[in-house]
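The next part holds the structures, each set out as structure tokens.
Two complexes are shown next, each including chain A; its partner changes from chain B in the first to chain C in the second.
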Partner chain A sequence: MSISIEHLTKTYGKFAAVDDVTIDIPSGSVFGLLGPNGAGKTTTFKCMLGLARSTSGAVRFDGKPLTAQTFEYLSYVPERSVLYDWMTGDQHLEMHKRTFSRYNEKRAAELMQLFSLDGRKRVRAMSKGMRTALSVVMAFAIDPDIMVLDEPTSGLDPVNQRSVLKLIIDASAQGKTVVLSSHQIGQVERAADHIAVMKQGKVVLGGAVDDLKAGSKIVEGIFPSDSIALNGLSSDARIKRVEKTGRIVRLTVSAGGDVLARQLSVMGAQSVRIVDLNLEDIFLDAVDAGQTANIVETA
Partner chain B sequence: MYYYVEYLRAKGAIKIALILLGIVLLAAIVLRIAVHGPSVDDWAYSLAHSPTAHVTRTQLSDGSTRTVIDDPQKQTHAIILRNGGALSMDIREPAASARTQHDSMSMGSMNVNEDTHAGITHVTIDYHSGFEYDLGLLFLATIPVGFIVSTILAGPLAKENDGHLELAWTKPISRERYALASVTVDIVAILVSQVLCAAVALIGTLLFVLPRFSYGPHFGWNILVSLLGPIAWFALLTAASASLKRGPGLVVGLGWLFAIIIPSVAAGLTDAARYNAIASVFYVIFHSLSYLDPISYMSFHNMKSTIGTGFGLSIAATAFALAALSIGYIALSVLQWRRVEA
Partner chain C sequence: MPAVLTVDTRSGVPIYLQIIEQIKRSVALGVLAPGEQLPTVKQMALDLTINPNTVARAYQELERDEVIETARGRGSFVRSNGVAQSSAHAAANDVVAEALMQAVREAKSVGLTSAQVRALFEAALARWFPEEA
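Now for the complex of A and B:
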């Protein structure tokens, strides 16, 4: 089931939390929505699901607008816990069982076991990670075709994070559409085949992960000391970003990787290598673009 | 059953009502055991069958029996008047102590007065075994419990606003239906608690006396107003809190305050408004606001016949007004809630 977000805008007064966002999420894909805090990811999700009224724009699920019935096959894990403190885990599952026709009791029991959750425990007695896990169990127990997961690993230990990731990948393999937001870019990289990067309410980068990686390379040089003159590099049109960390210089380049590697050697680099871009590089490149004159110096 | 959360809340509120009613019933049972002793009939029998008593029985023209007992040895003089289930006793006997005192007690269908003076105790007892019990008034006793439960359950939509909308609104059900179902579940819980309260009140009565049940002239209306009052109150609090981002706690707390203050101020300004222009303006404001306050309608003018005749309305008009307020407030709640954002 595909999702199409067309020119979505959400303003609060003069502030545009989501600004003319257009995203196409292909059916059966895992779509990562990335962005720094306050970029508008959660607001986009809320507008998508009708939890907040969009100022303008449209969202379509398989070409149809959202209705109450859409939630029969759509599940949502919000960024923060929205569970009822006074209810137990089992009561939350019972609520879903009585509400969703596709609720799978066996699957819910398996997932509760996977996350070592005690269903008799009240939510107020659960840790943040346990609450997140319970939300994930509820989302997957209704056997949805679309999952919108806003920080679904927040507060989880590494083992459970891995379990959530596996659930997402398995769901995708079964043809489900997963929309995922996470600050753990490594996790998104493992699961997502498409991404969009948001910044200040706008989508600044989007597409298939492989396509985004294909265009660029990282040229990394290690210098004998940290007093490196980067003169001329920032003005090179092939270089999208220059990052300097102590004695290491990393260039994100769109073309001419070999030439620039030789240039770093000429500048005195002891060793130079050319590596593929990872999602974190793509993300940082998209987020920093136009903000730091493409030279970033970190400690 | 997408209203499962509200069903659990309602179940919890009924549990609280049951605990309160259980305490009341237990107290009634304890009281019944504490006052258990020879009945009035037993006492009359023992006086008349004392070996030293001189008993004179007379059949009066109205069908009643008059028994005069004189017991010179025990210095007891008693007159017992019996007419069907009614019994009246007037007894004079030596006092246990020389102290002067007066006691009176009413319990169910029995009134007892006891005067001790100059070493003589004078006891009068009036007892009606089949006293009339208006079932319509039985529901008056349910109003406090109805208000307690309606206050506990008030603001179900604001409770969802308090961080649960992402769960409530991602169900395959429209917001309007969800809101109406939640409100309906709560209203049913309020009604159930009131019916339970009526049952406990009835059992409590039967522990002490077997009355003759009757239906007063406003039987149905009394029941209707007793039930509609708490529902209208619940609806008002729900409407006042439906668009809040937080829970309904503040609205519920202040609601009671305003509900009592507004009609009180209106009543207080009634006289001043005739002479003072400013007072008359405030009177109009507070008096008008009183019409929106269900508690203003719940005045008890005549406990023996009817309730809910606030604003001088008839009991039927009061019932209609409370029903209209309930429907209006619920509609307002739903309209507001569907516009809230998570």
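Now for the complex of A and C:
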């Protein structure tokens, strides 16, 4: 099932927590939403699911607005767990069983075992990681078509983090649509095929992970002297950033690395090299830099 | 599948390209034999903990490059029936071409002339193919 978020905005007074966000989540994809704390990821999820009223914009599931029926086949793991302190894990599952027609008891038991959870334990006595794990168990026990997972690995040890990742991959292999946020970029890169990066409520970068990685490079040229005319570069839309340090010019590009490397040669660079960027570099660059090409010169 | 595939997320190379490269290398080296079955997309995705669509994309490109073939409902196999030999050659070619391309680019970037690069290449040939020297 595809999800499209169209011009979504959520303001609190004058502050725009989500600012004109448009995201297309293809059916059957794993979509990773990245961004620093306070970027608007959780608010976007809440608006998407009707848990917070959006100021403007629309969200469509397979082209249709959210209805009560959508929740029959949708799982949501919120950033802050909404478990009841005084209830045990088993009681949560029992409640889940009565709420969701697609609840699978056998699957729930397997998942409890996978995360070594004791169903008799009250949430009050659980660690942060155990609470996250219980939320994940509940999310995967109802065989949903759409999963919205807000930080589904927070507080988990590396073994359990890997288990969550495998559950997501398994769900994706069955054609389910998964939307997740995480601060662990390496995890997102493994699990996700599409990502968007949010910063201050806006989407600053988005697309297929492979395309983003394939295009993003640093092109570095070393010139014979430090008087280099950079004017021609700033107007090129493929160049995200120009840094000049003495005789070295470094271009952060989103595409056309080869062409731009040749251009530096033509401009007189003695030596030119192209460096691949990994997703973390691309993320940090999107969060650090403005949306327009800028020129940074240091002596 | 006997070959151990690995994925490096710190690398700037897209994951599907990492998989293509490693499978081509395995075919070229004969680690993956003609007719040998590859894991299903789902199995490989779970083994490597990577997105299934990423594996599917790698398989599609390997199919297009005639390294593997997919029989609907039966799975993906290293190409055989006479094509195997040529697909192993093609795979070996691709792997080596990419390595050479990088070496030449590196040589140019540190300022070597093409004559100097050719001399280095001849020296490497002489070392690894002494019988032809």
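In this text, the second predicted complex is superposed on the first by the 231 of 299 C-alpha atoms of A that agree within 3 Å, B and C clash if a C-alpha of one lies under 4 Å from a C-alpha of the other, contacts with A are read in each partner's own complex, and residues count from 1 in each chain.
In this section, a contact is a pair of C-beta atoms (placed from the backbone, for glycine too) under 8 Å apart; a residue touches a chain by one contact, two chains touch by 3 or more.
As the structure is a prediction and not an experimental result, all values here were calculated from the model.
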* When the two structures are overlaid on chain A, which partner does A:Q270 contact: first (chain B), second (chain C), both, or neither? -> second
* To do: Would you check which partner chain A:R53 touches, where first means chain B only, second means chain C only, and both and neither mean what they say?
  => first
* Figure out whether A:T9 sits in contact with chain B (first) or chain C (second), or with both, or with neither. => neither
* A:Q200 contacts which: chain B (first), chain C (second), both, neither? -> neither
* Please indicate which partner A:R98 is in contact with in the superposed arrangement: first for chain B, second for chain C, both, or neither. => first
* Of the two partner chains, chain B (first) and chain C (second), which one does A:G186 touch, if any: first, second, both, or neither? -> second
* Common interface positions of chain A, toward chain B and toward chain C -> none
* Asked: Can you list the residues on chain C that touch chain A in the complex?
  -> 7, 9-17, 41-42, 45-46, 49-54, 57, 105-106, 108-111
* Structure fact -> The answer for chain B against chain A in the complex is residues 1-2, 4-5, 8, 163-167, 169-174, 341-342
* Taking the complex as given, what residues does chain A use to touch chain B? -> 46, 49-53, 68-72, 74-76, 78, 80-84, 87, 91, 94-95, 98-101
* To do: Can you check the complex and tell me which residues of chain A touch chain C?
  => 28-30, 162, 165-166, 169-170, 172-173, 186, 189-193, 209-210, 213-214, 216-217, 270-281
